[in-house]
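Same chain, two partners: chain A is paired with chain B first, then with chain C.
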Partner chain A sequence: MSMPSVTRATPASRAALFIGLVVLVVLALGPYWAGRADMRLMSEIFLYLALACIWNLMAGYAGLVSVGQQAFVGFGGYMLFALTIFGGLHPVPAIIVGGFLAAALSIPIATLIFRLKGAYFAIGTWVVAEVFRLSFAQIQSLGGGSGSSLPVAIVKEIGAKKATREANSYWLALGAAVIVLLAVYFFLRSRRGLALTAIRDSEVAASGLGIDIWRTKLEVYVIASAFTAIIGGLIFLQKLRISPDAAFSVNDWTAFVIFIVVIGGIGTLEGPIIGTLVFFALRETLADFGTFYLMVLGLVAIVVMLKAPKGLWGLVRDRFDLELFPLSYRVRFPKDEEGS
Partner chain B sequence: MSALLKVDGLSKSFGAIVVADKTSFEVNEGAAIGILGPNGAGKTSLFNLITGVLRSDAGSIHFDGQEITSVGAAGRCKLGIARSYQVPHPFVGMTVFENALVAATEGASLRGHDAENHVIGVLEQTGLLPKANVRAGALTLLERKRLEMARALAAKPKLLLLDEIAGGLTEAECGELIQTIQAVNESGTTIVWIEHVVHALLAVVDHLIVIDFGKKISEGEPKKIMESAEVKEIYLGVDPDV
Partner chain C sequence: MIEWVNSIVQGILLGGLYALFAAGLSLIFGVMRLVNIAHGDLIILAAYMGLTTIVMLGVHPFVALLIVIPLMAGFGYVLQRGLLNQTLGDDILPPLLVTFGLSVIIQNALLEIYTADPQKLNGGLIETASIPVGGLAIGILPLVTFAIAIVVIAGLQWVFYATAIGRGFRAVSDNQDIAQLMGLNKAHVYGLAMALALGVVAIAGILLGMRTSFDPSIGAGRLIFGFEAVIIGGLGNLWGTLAGGVILGVAQTIGAKIDPGWQLLAGHIAFLVVLALRPNGLFPRVEH
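This part shows the complex of A and B:
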């Protein structure tokens, strides 16, 4: 009898890869077929998708339920403004440098807040975000409490004409979402990702099997902080204006993101994608109803949490045993292959 | 034979409750040792101290010629200590294969096909190979107990700590388990086994340690220990003087 073999791809994942590539090509050609408003909306969708993937990696896998991700969104936004206005950098490298600075900053923050567990950790992250908001409001050269706009000369570095500028910032948003999605995918597929998934399910057993939980969580936190800051930079490159309240908004950059991940399916890679689509579908249909829209969002969140605690993707996965991203290992036995 | 594990004056208490009281013993390389004691005697706590889940208040632990008292749980696993939990802690969202694979890649630092082949071997040995693609959350209690052992073995331990792995098994299953554990021991893995199913324990171990209230009561050759007055008193409640 020959040895069983181990595979990871499934027919569903191969189909998903093909469809994903087609969708990516169509989206990449967006500036040639989409209107201005559509492109703005799609850019926002891409950036939210990226934020949701990052938050899902932290909360869904590493158990780091942060409600303070706005700290790094705002930090990334402010770094874009500071490094372009005072550092003379082009916006794109400024955003990337902002990511590295956020990574460096996240290490001392982690050593502080990792001492807190569960709900205390969540509150701790929020406190950190408030400290960020209050600190940036003190910086008068960046507009203090009322904020500032990105100077026209810097905006033009993204594209001299309005149409090129819009196309370029669309591609930046799309590119960032694809990079974040792929980074999270390859991380989860790696040896470290397997360890992280084990931590998600049982920290006690994971540490007993040789996984350094603190270090793994720190890695996730640092990577998540860097990517969140980069996305924050891109968000405020779209908005062209920043203020402490907008940059460090818990509603915009954390509450909506949590909604997306929870209704989509926390702790799965597919969940944030589904959640992002549902969130924007709701937002676009209910946009005219004002605050009523937030009430509907809350209601949807409650119903999903009660009826499908693993989110919409959890329902689908349990029923059809589907996996679009081939993260699982499947053992194939020789007799399966003969088809007997 | 040299001592693989040396526990010296190990103490731990939670407030007034003493779970380890200046416990000292040695486990020789290649040995199979049984630990007996009534419920709440501190058996599982002793495992938690050896694996680094709990930090001791006093005393030292040496493993493989190295002091590990201040090494964390993950580090101790990498050095070669793996255990099965009395109450299984499966990674419920991962398949049986993935559960064991993570032990092979993290605990035993194996890579790629070496890790995969090692895991397939371990699953075959523990009878879990047909369940390889099943999510651990869908396993029965007995299968979860087997998975505990499979995962521990996948970490390629020098010292395997088994915590009440035979409880609830049928006679036939118990026989299989004994054979598996004997085979693991014969392949050179040192075993320390906490078990209430005494006949299973005695079929495997060549040395017994009895603990109660966190204290080592006695240790020695299994037969003699089982006939000793102290053990009879602890287990049967018989006053030896009457």
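This part shows the complex of A and C:
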């Protein structure tokens, strides 16, 4: 008699891996087939996808519902400007150093705001973001309240010609999205990811099994802050101009990201991908309607939250038992015993 | 010296307005553990309702309160029973996200109807009148605002501890299931709590509109001030909320005195300092 075996991969996940690789190759060749406007749009999609994956890790797995992620997006953006203009760094290392600085800064912040529970934690993160915005508005050498532009000499370090520059920043955005997606995936598959999934399902039970909840949440918060700052640096490398209001915008860097994750499906890795595609499809269709489009977005998020709290991917998964990123374990019985 | 005293007095009076921002938040958190992200946008909605009332009927903002308070309270009841009751439960995400969505909808609807132009409610003489007290000029409007804040908080305290409705609020707050068994309809009780909270929001919105100009985008800032006042004062303590508002107001006016750019920053820093030293706020409610 053969023994049942435990696997993580499924035929669907193997197919998804294959399709994912094909899509990745096609996207990596983007600069050879896409127009300039398309490349800009796709870069934006990649960066939003990365932000959504990070927020999903925090809120969907660690229970850290932050509405203040714009603090680190803006911080990363400002570090790009400060470290290149005053530190003389090349933009790419400047963005990475910005990530490390954000990680260091997030530890004292966490010790303060982790004292707030649930929804109060959420608003506490928002206060921190406001402190960041008001503080950077005071720094006159970075343009104060009106902001500043990235000097031409620094922009040219990304690529001397306009076409090279656009291709390079496209690849940076794509690379960042892939790294974030893979980092979150492997984090969740690791021992710590298991602890995190246990916390998501029940904090009391997880703590009973010896998981240090505060520490696990702190780790997630620090990692999320670092990655968010790096994505922020890349966002403002695309924009080439920064101001406190744009850098620390709650609508752009948190509200939209939350809507993406909720619409796609919170607490899954597939959700943010679906959500990002739906968000940009809605935006590109309704953008001409201005404020009306934002009202529709708010309404869609409310309806999804009430009628399908697991999001669009939750609907698919419940119906077809699909999992494109193999995270859960499945017990598989040999063929002859199936159905018995 | 007199200038510093002046700053502190102005800050205390400003604290009355912040306490009004905070009282509604504190009330609904106390009754149903709901944190309403749209709270600030509802304050601005009330200010715009006041504007429309004043323009259409040609009345003083204080008279407009007679129309705006019942309208907002009614809206609160319908909002709670029609939408927010469905989000309540152990998971904090649904109420947070639904009120976040609501915030975006209200903000953009106001933008669509009233445009982004700053507006102000014309209070007439009361806006500029002041009484001299020992070298200081104390504005009548801030003084009236502070007095209204005290009356509102005393009123809420009375409703909570001396009326049948208040007994219902405290009962569902302690244990909603047993309260339901005892014959309370918790959906209705929650509706009443939100109606009361938005009644206070209406007062806060009108007073805000008389004090400064407003536009659809400033709601989030008012939410944060209210939230800070609640946390500084201590969750679940209404008089503490007034103290929290005063501390926030004084921190802001002193910050502004040092450097105009520091007004808001000083308020946030005061909040973070309180959070670091006294995580439960300065006057936490004693748990029974």
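To be clear about the criterion, the second predicted complex is superposed on the first by the 328 of 340 C-alpha atoms of A that agree within 3 Å, B and C clash if a C-alpha of one lies under 4 Å from a C-alpha of the other, contacts with A are read in each partner's own complex, and residues count from 1 in each chain.
In this section, contacts are C-beta pairs under 8 Å (C-beta built on N, C-alpha and C of every residue); 3 or more make two chains touch, one makes a residue touch a chain.
Given the structure is predicted, the values throughout are model-derived calculations rather than measurements.
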Which partner does A:Leu282 reach: the first (chain B), the second (chain C), both, or neither? neither
Using the superposition on chain A described above, determine whether A:Ala195 touches chain B (first), chain C (second), both, or neither. first
Scan A:Ile85 for contacts with chain B and chain C and give back first, second, both or neither. neither
By the touch definition at the top of the document, which applies to A:Leu17: first (chain B), second (chain C), both, or neither? neither
If we overlay the two complexes on their shared chain A, which of chain B and chain C does A:Ser207 touch? Say first, second, both or neither. first
Contacts of A:Met295 with chain B and chain C, given as first, second, both or neither: second
In this superposition, the partner of chain A with more touched residues, chain B or chain C, is C
Kindly classify A:Pro4 by the partners it touches after superposition: chain B alone (first), chain C alone (second), both, or neither? first
Output the chain A positions appearing in both contact lists, the one against chain B and the one against chain C. none
Residues of chain A touching chain C in their complex? 59, 65, 67, 112-113, 115-116, 118-120, 122-124, 126-127, 130-131, 134-135, 137-138, 250-251, 255, 258-259, 262, 266, 291-292, 294-295, 297-299, 301-302, 305-306, 309
Which residues of chain B touch chain A once you look at their complex with the stated criterion? 51, 53, 72-75, 77-78, 82-83, 85, 89-95, 97-99, 101-103, 105-109, 111, 116-117, 120, 129, 132-133, 136, 151, 155
Which residues of chain C touch chain A once you look at their complex with the stated criterion? 35, 37, 83, 86-87, 92-98, 100-105, 108-109, 111-112, 220, 223-224, 227-228, 231, 235, 261-262, 264-265, 268-269, 271-272, 275-276, 279
Mind pulling up the chain A residues that touch chain B in the complex? 3-4, 6, 191, 194-195, 197-198, 200-202, 204-213, 267, 328-331
